[in-house]
Structure formats: structure tokens, C-alpha cells
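Going by the order they are written in, the chains are A, B, C and D; count residues from 1 in each one.
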Amino acid sequence: MVSRWMYISLVILYSFLLGPFIIIFMASFGANANLAFPPQGFTLDWFANVFETSQFIDSFWVSLQLALLSTIVSLVMGMPVAYALTRFQFAGSGLVETIFSAPILVPGLVIGFAMLNFFVLLGDMQVMTGLFIGHTAILFPYSVRVISASLRNLDPYVEDAAVSLGANRLRGFLLVVLPNMQAGIAAAFVLGFITSFNNVPVSLFLSGPGVTTLPVSMLSYLEYYFDPTIAALSTLLVIFTVVLVQTAERVLGLSQFV
Amino acid sequence: MPYLEIHDLTVSYEKNKPTLERFSLHVEQGELLSLLGPSGCGKTTTLRSVAGFIKPDAGQILINDRDYTRLPPNQRDIGLVFQSYALFPHLTVFHNVAFGLRMRRIPKDEVYSRVANALKMVGLEAFADRRPAQLSGGQQQRVALARATVIEPQVLLLDEPLSNLDAGLRVEMRQEIRRLQQQLGITTLYVTHDQVEAMSISDRVVVMNQGEIEQIGRPESIFAAPETVFVADFMGFDNHFTAVVESVRDSKLTVNWGGNPIELRWHSKFGSPQSGARAEIFFRADNASLLAGREASGLAGQVILHTFHGNELQYLVETEVGELSIKQDSASERFAPGEAVTVQAQTQKWIAILEDREQNA
Amino acid sequence: MRSHRFITLLLALLVLGLLAPMAVAQDTQTLTVSIWGFNLDVLEENVFAPFEEMHNVDIVLDTGNNSDRLARLQAEGANTDIDVAHFATQFTHIASQEGLLQPYNPDGLENLDEVYDWAQDPLGNQAGVGYTVNSLSLIYRSDLIEAEITSWADLLRDDVAGFVSIPEMSTTFGPAALIMIDRALAMREMDKSEEAAGINYDADLAWEALPQLADNLVTTYIRSSELTTLVQEEEVWVAPYASFAIGNLINTGHDLSTVVPAEGVVGQTNMISITAATDQVDLAHAYIDWFISYDVQLAEALDLIDSPVNATVELPEDICALLTCGDMLDTMIVLDQAQVSDRLEDWLERWNEVMVR
Amino acid sequence: MMIRRPNQNRTIILLVAPAFLFVLVFFVLPLIFLLSQSVLPEEGGFTLQGYLDFFQSRVSRIVYLRTLRLGLIVTGICLVMSYPAAFVLARMPARRRSFLMSLVILPLMTNAVARTFAWLIILGRRGMINQTLLSLDLVENPVRFIFTETAIVLGLAQLFLPLMVLPLVSAMENIPDDVLEAALSLGANRLTTFLRIVVPLSSDGLVLGATLVFTGSVTAFVTPAILGGSRLLLMSTLLRQKAVILFDQHAAAVVAVVMILTTLAVNLLLRVLRAQQS
């Protein structure tokens, strides 16, 4: 059923998907300060430049904190919602599901814009707080959905079993439900972290003086310089991402779930 | 002296639509009592109320004279076996069984010996380090049993424990459950919708329908003498038709069978039936026989279909009281479809049930 | 057991996530400066770092182009963190009109007397101090364009089609570029003398020619840095440029010639203002005073960033030639910002209508 | 599987309320405020003038239609590129497939700025494509790609291709081999089998993928901002322009609401299509 020309289509697909990464990779080691192709010579200066550019370092920490904080909060708050949706039948569960999947349906740029206007209306608000709220809101769909899926795979009666054996509800949840959800939680965590860490549209409007996320500062760097520093930074980020995902896979066995 | 007592239990999932209403039941110490009925009859609700997962609107649950009604489920000391087994997927067999003992803060060596003992009783000593996913369905069921009994609960509750097993294993497992229950002498409530299972395993059977008890009794008496139409249907009486009572004499009433009067045992909730009342007649397929041609001694019929079941043949016969299903020894005379036959009643195992209040009052 | 490792990891992440923001939110005094994100490395060395040391303060930057930052200031109003803001004159004008700024106190600025009179209070309401002057003129690739570029109207030539860029209407020099093109068209096509052509703030001729100019454009630019990038990548061969970008343009390494067009160059001051919402009034004055001091003005000029407004600064001739200084200060055309502001809203809309592709 | 429990309402409220309130206050309210901004101008009073202006303005009409058109083109390109490839992937042995699928997911885990930056190097005047064309003597002078629709389309297609591949592969995985063999044994050739069996059976994934790619394309910001420049606007860059360059929050709110309505309409269409299928 699979014929030769279909394999050719596979080659085309992958060169289109991954080609740009190879180009970035090459450019990040090229000695020329412009975007001429092919890159000339070899240098690590662009990588050095990444670490010397304070806006990248500062915004990296902002993005890291933001991603950790909003992912964890969206998980901690989203988990009970997922639990309610998968363990109870109730009037309004449709509404709850819609509300929690809505942030994925509304364009990110619009969310950022609407939130900025709303926060201005509310009055004094720290930039980081605004970013945190924005990111947490857009992560709910991921955390609720992924955790729900993992809860659906777990027999709801195991909690009753734990309780009938003498555990209280909370202990039953901690000892029986949580350990069985770890792959799901890890998947939701990695997914949420990456989504937040890479977000541009929401952060764009909500960034402010001294507090900018890494992708937004990359974007504004491009408004000032077209040099391979961005390529070097992108190469580092790809490595960071691969390491993150691989570690999650090794430690937590991500692929059982995803 | 009842060990587990349920008094006037009322449970409703939705307001004003109680699933159980003033439901009462007693289980004797060491007894295995089955709750038998179709899905939605309230048997699982009863069981989950005893386990404490459902807080009743009203009523009382007593175990060994202690009031359990408001006690949280984790303090009840009840062993529970689930239809899905509900084993903890992340724990080994050993740790699954040890869970309840851990919760009771039993010392480590005692946990070890009790778990080992429990696993031995269900024949799983060699599987202690496996995860549930590495076990067969029957083995998982045994782990669930060991886990529920190792805590030496006051009452053991089993919720359709065999329905996820295939037929052969089911027979084996129910013997296993019965053996274990008797060995431990543990008071047990067993929920099932399978009448054969209930008959084979129980000391007593409670047939439930729509939140009410239809009949309580020893398996033999329920099997032989159902008291309501519902129970008779549920007990696998293959044939059912309605007849008019011609006369009543003490424990027997007479109805017409192909022009001949036949005398039947009867049961009525409303006292002795009057002649002229409508009676529901039940009999099993092997409690009638077929004769070739039209005979005055029985009911005339015509064979529609016959199927072969090893040592017996099953016929479907068209008669004036409806289509009847009748089993014959395969060694006996055979009838082809279309052939005229006479159905002979073996009335000692037939039963007449009168439920219509107005005609019997 | 695996779950233990997992829970430990999760707790570690939680703690990290909670502690990290605290580490950043240290409680030292800060001055938030709203400024272009251009040449920040040089500014850090010449201005910010010494100032931070002198006053034991952290400078936090809010960077972006004029309109970006003005929009943010408008949105945040009284809640803004920004203490001082750098804007081109026309944007200072808007901010001042909307009450976002507070007048400076001349007594708080010791170096003010050294500043040229026209830069001390360009808007006449003490909304800000001019701290640098810059000019808009033309630059082109002399190796790729054969016929010399001498006039603003040369941007319309066929031989440069597809390689022109001009500043967006929303930027500092957007209106100025259009007005100068208008002046060039008036002088050339109507054969008027320089005086007769004058300055027509309606720029009718330029608007008429704009669709034709639009066809010549690669794209418009919002930031001088974008122009630098476009020149660097050889997408643009000729464009109006702001004098403060000359250093970066030269650094692209291409053969570039700067032109003082026949119709003249446009001069413009950049200003520093104190926001109405600040609670750092003294520190803000100190910042302005530092920026107009001899030391800063000289250092900025020598790095080809900001042409000085401090009259005591004397520059070598080769530096002066690349900046807006010397004779140019007398001949440059300074536009009436009130006239420009009155038309801006209408122009922005007309501009989009023409420019959208 | 759900367990029915009586008196569960309080538990449910306790579980759902914190997150629900968060989303209500910080997500739903801002959107309601946005909606009100679009119909209540600063001068006061209720008006739909903003929407009239939007659809009457040549600029916004051009931008809106271009956004939709490019969205369709990108969806089409992604579809053509991923359909046969997804089929190959779905028929592969599991090990090889999971490796290849992780390569599909990798781009999704990298930020859009990094991925778009690559196109500057590929499409620039001295970029990869122009150097290739020049060295092959196919063109005399470099071709302009940057600041063209072509650049935006390529950038978006690369960005959203995984969103088409993933649902297609998972839909095609579910087609049993027997079904294909049955079709072949009944005399269908491979093309017919593909068109008559594979395409209808994977239409679920196709519709989902198309929706994801289309809504992603019409709302993406980074790619049009970098590759389109200030003159080649899409809805997202128009929104940004109205909000921060023209200071017109009212008009920006209108653009934002039009964007929401567009994506909602597409998602609604998806639901209708899915409902029809099942």
C-alpha cells in the first residue's frame, strides 16, 4: 500500500520541518556578522555574545520563573478540575469544560491585549504578576486536558479500595491516585512549561519595564540586529528543550503517556 | 442473632427519587448472603452504603450491635472486593495486599507474615513481586480477595466480583471464594446479577427489584418456589403463561391444561386465591414431556423448531397458551418441525403465582 | 520507589519557582528610564553605569520606539513605573498635552546653562530638556547606484525602484521625510527657488507622489536599527537616515555615501522628561542633569551616538562631519511640531491607505 | 467511568471553584471588557461604528481578506505536504514511527522567533535560495522574498505543519490493515483505495488538523511581524499597529473581536463537520 513516491513525500516533509533548524545551527557557528549563506568560517563568538547580552540572561530567568510558576499553579489548580470532570457527573460540567478549553480557542495576541487593558483598568499591577496571570490562564486547557486523560485511565474504584482499607480520602489520593498519575502530571508539566516558555503573543503585551520574556526579547533583538546571535541562542534553546524532554522521558517515563 | 443489620435505609441520588426506601436486611454471623437482581435494583447501593461510600438519607446500619451509619468508610473495618478489582497499578502484589495493614500501622514483620499467609491462601505466594498488569484476570481477583481479607474485616463485601472473568474461570473462582469465606468464617455480602452464581455460593439469597426485596430464602427454596413473578422470571423458569383458577383446595389450586384439570402449588401475597382469579403459571423446560400426535391427556401443540444440546433436545412448541420451550432426553422419541405433539405437564415442579390484589382479596 | 523521586522533583521545582521571583525583587532604589533600545551598550558605559554608581541606584530600562513607549505610558497613566522618559520632540509634545509629564525645575539642573538656548526648553512649557540634536538626511550605496543622489526627490527615481526605504509615518522622522520630499518636488517640478518653495505642512505634492514612491519601496522602517539591518542585508540601497544611526550604518561595511540634499536636512531634538507619576523627582533631575553634562555629551558624541547640545563641548572635525553639529546647526530645517501634530492623526490613516499592500 | 455519589455538589464546588474563579476573573472578564471596548468608544454611548469602520476601511478589508487567504493557502500546503507522509508514518513499525514522530514534535517545542529567524537566512537577498538560484544561473539578480506573502506563507507552513501531521497520523493509525487489504482484494487499485478508503477514514484527523493550522495561521504574530514588515500586515500585526502605534484602543478592540469571531466560526464549523460525520 505504501509506494515509493510516498517515501519521497516523507523526505520532503522532514526537510521542510527540520531544514530550518539545520540552517540555524550552521549560522550560529558562522563567522560572518550578516545573514549571507553559506556561513563563512567558524566561530563561537555568537554564543559568547548570547551570554554577554544582559537582556537575554535577564529574560531567560524571567521566562524560567514564569514557566515554572504558571505551570505549577495551573497544575495545582487544574488537577481538582480534572478530577471533578472525570469522577463526577454534574450539571454544568459542559460549561466547566468549555471555560477551561476556551483559552486555547482565543488567539494569544488577543488574550494579551485584552488582559493588558483589563489590568490597566484594575490599576497598579506588577508586570510579573500580569505575565503570571496571563500564562497561567493559557495553560489551563493543557493541564486540565492532560490530567483528565490520565485520570480516565485509572480505575476510579482504586480510591474507594484505599479508603475501604483504612486510608482517608486525602491519603487515598496521595498514596494511590497521585503515584498513578505521575506520567500524566509530568506530561502536563513539560507541555505547560514549554508552552509558557515559548509563548510570544500573550507576553508581548504584558511585558513591561525590565521584565521581558526570552522569546519577546529575541523578537525585539531582531528589531535591532540581524546577526547570528539569535541563531546561537536558538541552537541553545533547541538543545535545552531536547535535554528537558529527554530527562523527563528518562526519569518519569513520559512516553508511557504521551 | 444478626451480625449485620440494615434498618429502614433510605438512599437517593436525586431528590425525591429514592433508590432505596426504608430498606431492611439482616445477615447472620458467618453467613454468605447474596443480593441478586438486575442492574439498577439497588443491590450495589446497599453494598456501598454498608461500605460507607454512600451516606444514607435515613436509616441505620449496625455491625455486631455497633452503629456504623455515620462512620467514615476508612474507619469501618470492612473488606471490599470490586468488580474491576481496583488493584493499585503502581504497587506490587505484596504491597497491594499490605496496604490495609500499613494503614493500620501493623508492625513490619507482622505485615510480612500476614501478607504471606494471605497470598498463600489464594495460591499466589510466587507472585508477590509482580505488578497487577502482569497478572491474569483470575490472579488479579485473588489478589483483590487477599487484600480485602488480610485485614480480618468484620464484614466482607463483594461487588460482582466474577463478572469480568470468562465462564470457566468464574466457576473455579466462585468455589474459591466460598472456600475462603467458610475457612475464615467471615460474614459476607455478595452482590451479583447472575442467579446461577448466587445459587451456588450463598447461604441465603435476597432477590431485589427496584429497591425492594422480592424474596429472601435459601437458594433451594428460591429456586424451587419463587414467590413473585419477578423472582420466577429471574430464576430461569423458561415457560410462563396466564391461566384462570378453577378451584382452590388448601395448598393446591386447579387450572385447565388442554381440557384436563391440573393441580399446582401456589403462592399469593394476599391470602387464599378465589376461583376465577388469574394465576401466572411457571415451569422449567425439563418439567414437561412431549408425546407424538394429539392425546387427550395433555395440551395439543405443534413443533416449530428443535435444537440439539448433547444429551438433550430442546423443542419450541406452539400451543394455545403460547410458545413453550421443552427439553427432552436425546434418547427419547424425536419430533420434526411441523409435527403435531401433546405436551404433558409434570406438575409437581410447576408453580402458580397470584399477584393481582383485587381478584384475590 | 519511583513516586518518591517524582514528588521530590516536583517539590524542588515548586520551591525554585517560588524563590526565584524573590531573588529578583530586591529592595534597592530604582530609576525606570523609558528609552529607545538602540546603542544601549554604549549608553550603559557612558551614562547608566556611572550614574548608578554615583547615586547608588539601579536603572531599569523600558525600551521601544517612541510610539510603543508612549502607548504604554498612556495605558498605564498614573500607575506607571516609569520615572523619566526619552522622546523625540513631537512625542514629548503629545505626552505633555495628555498630562503624562511634569515640568522640570530649572534650579535642579546645574548644567542647564551650558545648553544651547533652543534646547533648554524646546516646547516652551518645561515639559523636557533637549539633550541631543539629530538630523534626517539621505544615505545610499554609491557602488550600486550609478547616478548620484542629490535630492529628496531622487527616492522616486526608477533606477532605485525596489531598493528604497523610508521611515513609517508613526515615527519621529516620518512626517519630516514626507515634508522634505514635498519641498523637493516643489523646488524641482515647479521650478521654484528655495525660498519660494518654503515648507508646505500639507505636503500635497508628496501625498500625490506617494503611491509612486510606495512602488519603489522594499518596506518602510520603524526603527533606525531596522534600516541598518536592511542596508546590511543589501535589501535597501537608498533611504533617509537619522544622524544618530550613522555609526551603525558605517559598520555594515558597505560602500555608503551620505548626502546633504539640495533641499536641506531636517533637524530635531530628543528630549528627556519627568513623568507626572514618578516619586523620584530629585533623582530624575539628577539623571537629566547628568545627561546634559559635559562628560556625557562629549563621550556620546565621540561614540557617534548623540550630537551634543552642551555648548562647551568641542568636537574634532571628522567627528563633527558625521554628526549634527557646527554649521549644520544653523542651516538645518526645524519643523513646527504643532503644525505636524495637528495633521498627524489624519496622515496616519492616509499613510496606511497608500502603504498597505 | 463515573461513580455516582449522592450529596456531591459541595465537593464539586470545592474542587472546581478556585480555578474556575481564576479563569472567570482573569480570562473571561478581560474578554468581556474587550468586547465592551469595541462597542463603547471613549466618547461614550453604544455604537457598532467601530465594526462598520473596520469593514468599510480599504486597509482593514485588504488585511482581513489577505489573512484569510494566506490562512487557506497555508492550510492547503500543509495538507498536501503531510497527507501522503502521514500515511507512510502511520503504516510504519511502532519503534521507527515513534522516533520519527518525536522529530515532528521537536519544532513545536521551539519558539516561533527562532524558527522564523531561519527563514531570514533562507530567503534573504544573500540567502540560501538566492545563492542557489544565482549559482545555477537561473536568475540574474537576487529575487526578493523577504517582505512578501511567499515568505509569510512559507514561515507559517513550517510553523504549523506538525499540527497537521499529528492528527492525520493518529487518525490513520486507527485504520486497520484488514480494511486496506479488503479493498485491494475487492479489486481496487492503490490510488482508489487511498482515495476511497484512507481519505474518508482519516477525515476526522484531516478536519481537526486543518482547523488547527488555519486558526494558527490567521492569528500568528511572530511570523508576519518578522517576514512581512510594516507594510504587509495581517490581522495580528494590524491589531498591534492599532494598539501601540496608532493608540486607537477602540479600533484595536474591534480587530481583536473580529479575530476571536473568526477563530470561533472556524471551530464551530469543525464541530458541525464532525457532528455530520458521526
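We take it that contacts are C-beta pairs under 8 Å (C-beta built on N, C-alpha and C of every residue); 3 or more make two chains touch, one makes a residue touch a chain.
All values reported here derive from a predicted model rather than from experimental measurement.
Of all chains shown, A has the CA centroid lying nearest to the centroid of every protein CA atom. When each chain is reduced to the average of its Cα atoms, B sits farthest from subunit C.
Counting C-beta pairs in contact across C-D and across A-C shows that the higher total falls to A-C. Measuring from the averaged C-alpha position of subunit B to that of subunit C gives a distance of 89 Å. Once the centre of each chain is set as its mean CA position, subunit A and subunit C turn out to be 36 Å apart. Spacing of subunit A relative to subunit B, judged by their CA centroids, is 54 angstrom.
For subunit D, residues touching at least two other chains, in rising order: 4-5, 124, 126, 243.
The set of subunit C residues touching two or more other chains comprises 2-3, 72, 222, 233. The residues of subunit A that reach two or more other chains are 34-35, 117, 155, 157, 160, 179, 226, listed in rising order. Contact residues on subunit C toward subunit A in their complex (touch as defined above): 2-3, 5-7, 9-10, 13-14, 16-18, 20-21, 24, 32, 34, 37-38, 60-64, 72, 75-77, 79, 81-82, 222-223, 225-226, 229, 232-233, 252. Residues of subunit A touching subunit C in their complex: 34-35, 61-62, 64-65, 68-69, 72, 116-117, 120, 123-125, 127-128, 178-179, 182, 185-186, 189, 208-210, 220, 223-226, 251-252. Residues of subunit D that touch subunit C in their complex: 58-59, 62-63, 124-126, 144, 146-147, 229-233, 243-247. Taken together, the subunit D residues at the contact with subunit A in this complex read 1-5, 8-9, 11-12, 14-16, 18-20, 22-24, 26-31, 33-34, 37, 81-85, 87-89, 91, 98, 100, 103-104, 106-107, 109-115, 117-122, 124, 126-128, 131, 157-158, 161-162, 165, 180, 184, 190, 193-194, 215, 219, 221-222, 225-226, 236, 239-240, 243, 249, 252-253, 256, 259-260, 263-264, 267.
Residues 1-3, 5-7, 9-10, 12-14, 16-21, 23-24, 27, 34-38, 77-78, 80-81, 83-84, 86-90, 96, 99-100, 102-103, 105-111, 113-115, 117-118, 121, 133-134, 136-137, 140, 144, 155-157, 160, 194, 197-201, 204-205, 214-215, 218-219, 222, 226, 230-231, 233-234, 237-238, 241-242, 245, 255 of subunit A are the ones touching subunit D in the complex.
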